[in-house]
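As written, the chain order gives the labels A, B and C, with residue 1 at the start of each chain.
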Amino acid sequence: MQNDAVLTMRGICKSFPGTKALDHVDFTLRKGEIHALMGENGAGKSTLIKVLTGVYEKDSGSIQMEGIQGDAHIHSPQDAQKAGISTVYQEITLCPNLTVAENMFIGRTASAFVHWKDYEKRTDGILQSLGIPARAKQELSRCSLAVQQMVAIARAVDMQCKVLILDEPTSSLDEKEVAMLFDLMRDLKNRGVGIVFVTHFLEQVYEVSDRITVLRNGELVGEYPAAALPQVELVAKMMGKDLNELEDLAQVGQKSLGSRETLYEAQGLSSTESRPFDFVIRQGEVNGFTGLLGSGRSESVRAIFGADRVTGGRIKIKGKPVRITRPHDAMKHGIGYLPEDRKRDGIIADLSVRENIILAMQVMKGFFHPMSRSQMEKFADEYIQALKIKTASQDTPIRSLSGGNQQKVILARWLLTHPDYLILDEPTRGIDVGTKLEIQKLVLKLAEENMSVTFISSEIEEMLRVCSRLIVMRDRKIVGELTGNELTQSQVMKTIAGGEL
Amino acid sequence: MTTVSRAKAEKHREPLTDAQLLMTISICIFAAMYAMAMLLMGGGFRKAQMVFDLLNDNAYLIIIACALTVVMIGGGINISVGGVIGLTVMACAIFLNSSGVENGPISVTLTLLLALGIGLAFGILQGFLVSYLEIQPFIVTLAGMFLARGLTTMLSVNPVKVSSQEFLSIVQTKILIPWLGYTAKNGNLIPAKMEIGALVALVTVIFMYLFLRYARLGRHIYALGGNQQSALMLGINVRRTRFLSYMISGLLSGLAGFVFLMHKPAGNASVAMRSEMDAIAASIIGGTLLTGGMGNVIGTFFGTMILATIQKIIALSPLNQSWWQEMANGALLGFFIMLQSIVLSSRGKKLRLPAWLKISHQKTD
Amino acid sequence: MHGKKKWYASLGQLLIPLVAMALLILFNLLRDPGFFSIGLATNSSGNRVLTGNIISIIDSASELAIISMGMTLVTAACGGQDISVGAVGAISGAVFVKVLQAMGSISVGSVLLGLLLCCLATILFKLFNGTLVAVFHIQPMIATLILYSCGRSIAYWINGDATPQLNSPIISTIGMTLPGIPVPTPIFAVILVGLLLVLVFRLTTTQLYTQTVGINQGAARLNGIHPTAVKLLSFALLGVCVSVAAVTGVCRLGQLNHKTLLADIEMDAILAVAIGGNSLGGGRFRLSGSILGAYIIQMLTTTLYAMNVAPVNVKAYKAVVIIIIVIAGSPVVKSKLTALWAKFRTGKSDSIRRKEAD
């Protein structure tokens, strides 16, 4: 254990059925530093944090804390709090219906009565000393998200935490609020608190972090001083330049440039979640939106499908102007959409594989034309075989399938509707390599059959393998478009990072 | 309020919270309604005695409305309160008739303990099933209601009148408030009369207000209803808190039963029939959300008074029909429900399903 | 759970209600083998009818069975319950009687017209509830509390403060038995509504949509389903069920009593849904479960009557049985029992392992 280390994690392993989420990961946090924990989806950041905060039990490895002899035993969130580890999650874990003061003190006091005056005085003191623009008597739900987050941090600080974990704290904050949060973080750092900072925003990492630890596929890539790691290199490390483990391009298939005819065209399309943008896709083309998480790539395709409330823009399909304001419109015009969050937006957890497969097809057929049982079984069988979906039977509820197979079911759902244009948002997230390749091959095959596909993935190799055109986004804006020779890893990373090599 | 704190309050004047806003609206509506009744109906409404009559007649309802408010703040529901009142009244009446006469004041105390015990037993049983076995509170308390009603008729199918003189003398006891009285036509001063039950109800409201505001457990109940997940993360023992909220509501139902008996000293199978829905309505009108986390017994008190005043107005008006009464209740409830919906949606919040209705953890709205 | 598929797994949610039903039957057989005897008797209107406990159970559970079907749909789509079914049922009956009185004579035609109009009126009232729930996002129990508290008054008002009598052979035919058929007519009402719903499920996608919306409203929308419309539809279908149940109830007595018609049926209907293994939080449902639940409740009641329990005391016993059933179905209890069983089976090897680790 290093002298100034407040937390040392060594050889942490954690497996879930089917995947190894953490494979001998080391992590060291020093006193009074801001340490960024970086990695794309599935890299193991959140698993590492959950092990640290006692939400998950580690399979093996050791955790040592300053001031605790031997291994720190962390088996529950309460244990973690007692050991001095506090976490502030992206979603606020305070009670919105209580006042700021109460949120600071509830659940911590032994006294059977609430001493409001005392709490409020102390809270005002803490808020003032940390420069948090809130009042003790304010109802928490009246505060902005940024302030709520700061209150959560203040609570952690007041509980004398030694390690503060901030999990994506800035994803729902605007620039001003981020600046406020960073001031607070620097202040805490000077007080000797070790801060673990998890974020997807590169600029923010460099703004506050002292050191950076990068994880990829559950393994430690390395620990670097922030000053010694250029932004582009960080992106490269997060994405992984190593292509050997995956088969190369030729084996997946030929990329499709598509025909000359434009299938879908949007001008100034915007929704409640995305800024106005222009977008075109040709028939049989595979293109992709790339950028880090939170760059607006998902929000853009959601706007195309009408998943969020569309606020403006003109859309043409095959040259004809159309109106797409809700998913049903998009479906009628031959667009399919596989959502990013499979669990939340994709699967109907309690329904069977069969029902999940035929759902979109059934909606297309209409309310008064239900499919017969035999029809459903035929379609389901066909796609279970075609996509090699591993399931005990058609009647199995989809929630008991593995992630990859769930994803294939959703894919089957849209393929069954024979769309002209298919949007796949992170279709390969959290699924095994074999299935990933299958899905990539499938996409190219579909493009050969003249289907247009928009493909989004956090893994650049994958995008490079299947897309003939990449639209690069940063900070909710389209910042570049790459085709042909420009489609190299370094070029993409350069564009994403927005810096020079 | 001292001058100093008032100055301070002005400096950091906090806007009304949703719950306070809803409560304020219901207080204003009560005041307006009562003022209208004074103007248009005259007569009884101009006498202070009317307020006390409302309190006397609805003391038990005030108490069970408080019981409902507590569980509703915690995000639960309890529809067994009316049944528990029925059972308590019957059990106490039989108990008083059987042994009480010679025991004097002790019998009254024992009766009170019996009433509280029955309520507590129901609270503990239901609380255990809801919080530790995670069974839907609606079903648990529905079964509780059936059980209580069934036990009531098992005790006696026929009405049981209390004959204990000790107890009847308590029933007769009225608290006289001369300065709120009025002068009758013959010149005699008739003081305002309040029953002991009404006083108990008022004390309960104040006590529950203090409990919910200043007791740690009370605040934990709010946290639980606000966001169960967060409450857990903040280090609150969610299960125990929920269990205790049901226990409190059971205890209050028992107390309400005793108060009912002090108002009408007779057990009957149909005592307090459907009063659970009136109590829920009173809580909602007073600004308590079924989704939990918001509410206040002061609001509930005024909610009950609004329902009681409407009843009285209709009873004294030419529209004296039970169906007018119920329709007025329905319209009133509809108005307040829409009001809540509008107030909450204007704040960008939707009335979400309470946690207890969500069985599968994957469901999100 | 990777082993062979257990024989009872295919029953799924029906397992517990079926076991409950079987236990009730077994209990009755042991108690009194004559409980299930069926006889043939001549009733007041001169029809030969079947008599016996079984027939009376199936007969008197009819209204409950019909309403619990509708309640299942609303529960599945909205994740909440409509507690105004009894009160709206009274309105429904009032409309039915009002129409018959307005027509003057009671004929088959006027009864059908009455049924149609009362069905329409009921659907309207249910859509009022549905709008509050689906459009204004008010929690179902609260939204339906409005009509719960004033529905019966509206019924009373419709009929001008009276409890009108309907004296006609047609009415008693619907309420009791059809000439020449020895089975009580209300049973046919259940079959009729059941068939109607099956037809709806066959001809439309209601079943799939309802479950989808109940399980994951957001995902349903992303697949082109309109959640608001689906919820409104479930309330409309509940309206149909309520009106048929109300007409059956009115005809059974030959009179309309706004206070007792379908009294307390909302509670029993919700229970039937829960006992049938359906989640009160919405999502997947099985109508057969709820129907089974309705008959379990009625069978329980009849059994208690047969044991000479006074009708007024039945509720207490009912409560105890219900609690036992819901405890048996509680996920916490299930997982605890499973864990206990697993511990019991592996207990030995586990303790050895622990010793080794030490």
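In the analysis below, a residue touches a chain if its C-beta (ideal position, glycine included) is under 8 Å from a C-beta of that chain, and two chains touch if they have at least 3 such contacts.
It should be emphasised that the depicted structure is a prediction, and the values quoted were computed from it without experimental measurement.
Novice: Looking at every pair of chains, which has the largest contact count?
Specialist: Among the chain pairs, B-C has the highest number of C-beta contacts.
Novice: Which chain is most remote from subunit C in terms of Cα centres?
Specialist: Taking each chain's C-alpha mean as its centre, the farthest from subunit C is A.
Novice: Per the centroid of Cα atoms for each chain, what is the distance between subunit A and subunit B, given in Å?
Specialist: So the centre of subunit A lies 47 Å away from the centre of subunit B.
Novice: Could you put a whole-Å number on the gap between the CA centroids of subunit A and subunit C?
Specialist: 44
Novice: Could you give the separation in Å between the centres of subunit B and subunit C, each centre being the mean of its C-alpha atoms?
Specialist: Centres of subunit B and subunit C (C-alpha means) sit 31 Å apart.
Novice: Touching at least two other chains at once: which residues of subunit B meet that condition?
Specialist: Residue numbers touching two or more other chains: 360, 362, 364.
Novice: Which subunit A residues sit where two or more other chains touch them?
Specialist: 344, 349-350
Novice: Which positions in subunit C are in touch with at least two other chains?
Specialist: Residue numbers touching two or more other chains: 215-216, 218, 283.
Novice: Contact residues on subunit C for subunit A in the complex?
Specialist: Touching subunit A: residues 201-205, 208-209, 211-212, 215-216, 218-226, 283-284 of subunit C.
Novice: Touching subunit C in the complex: which residues of subunit B?
Specialist: Interface residues on the subunit B side: 77, 129, 132-136, 138-140, 142-147, 149-151, 153-154, 157, 269, 277, 280-281, 284, 290-291, 321-327, 329-331, 333-334, 337-338, 341, 345, 350-354, 357-360, 362-365.
Novice: Can you tell me which positions in subunit B touch subunit A when the two form their complex?
Specialist: 12, 14-15, 17, 19, 213-220, 222-223, 225-227, 229-236, 293-294, 347, 349, 360, 362, 364
Novice: What residues on subunit A touch subunit B, complex-wise?
Specialist: By the definition above, subunit A touches subunit B via 77-78, 81, 92-98, 102-103, 106-109, 111-114, 116, 135, 137-139, 141-142, 343-344, 349-350, 399.
Novice: Name, in rising order, each residue of subunit A that touches subunit C in their complex.
Specialist: On the subunit A side, the touching residues are 305, 307, 326-328, 331, 337, 339, 344-351, 355, 359-360, 362-364, 366-370, 413.
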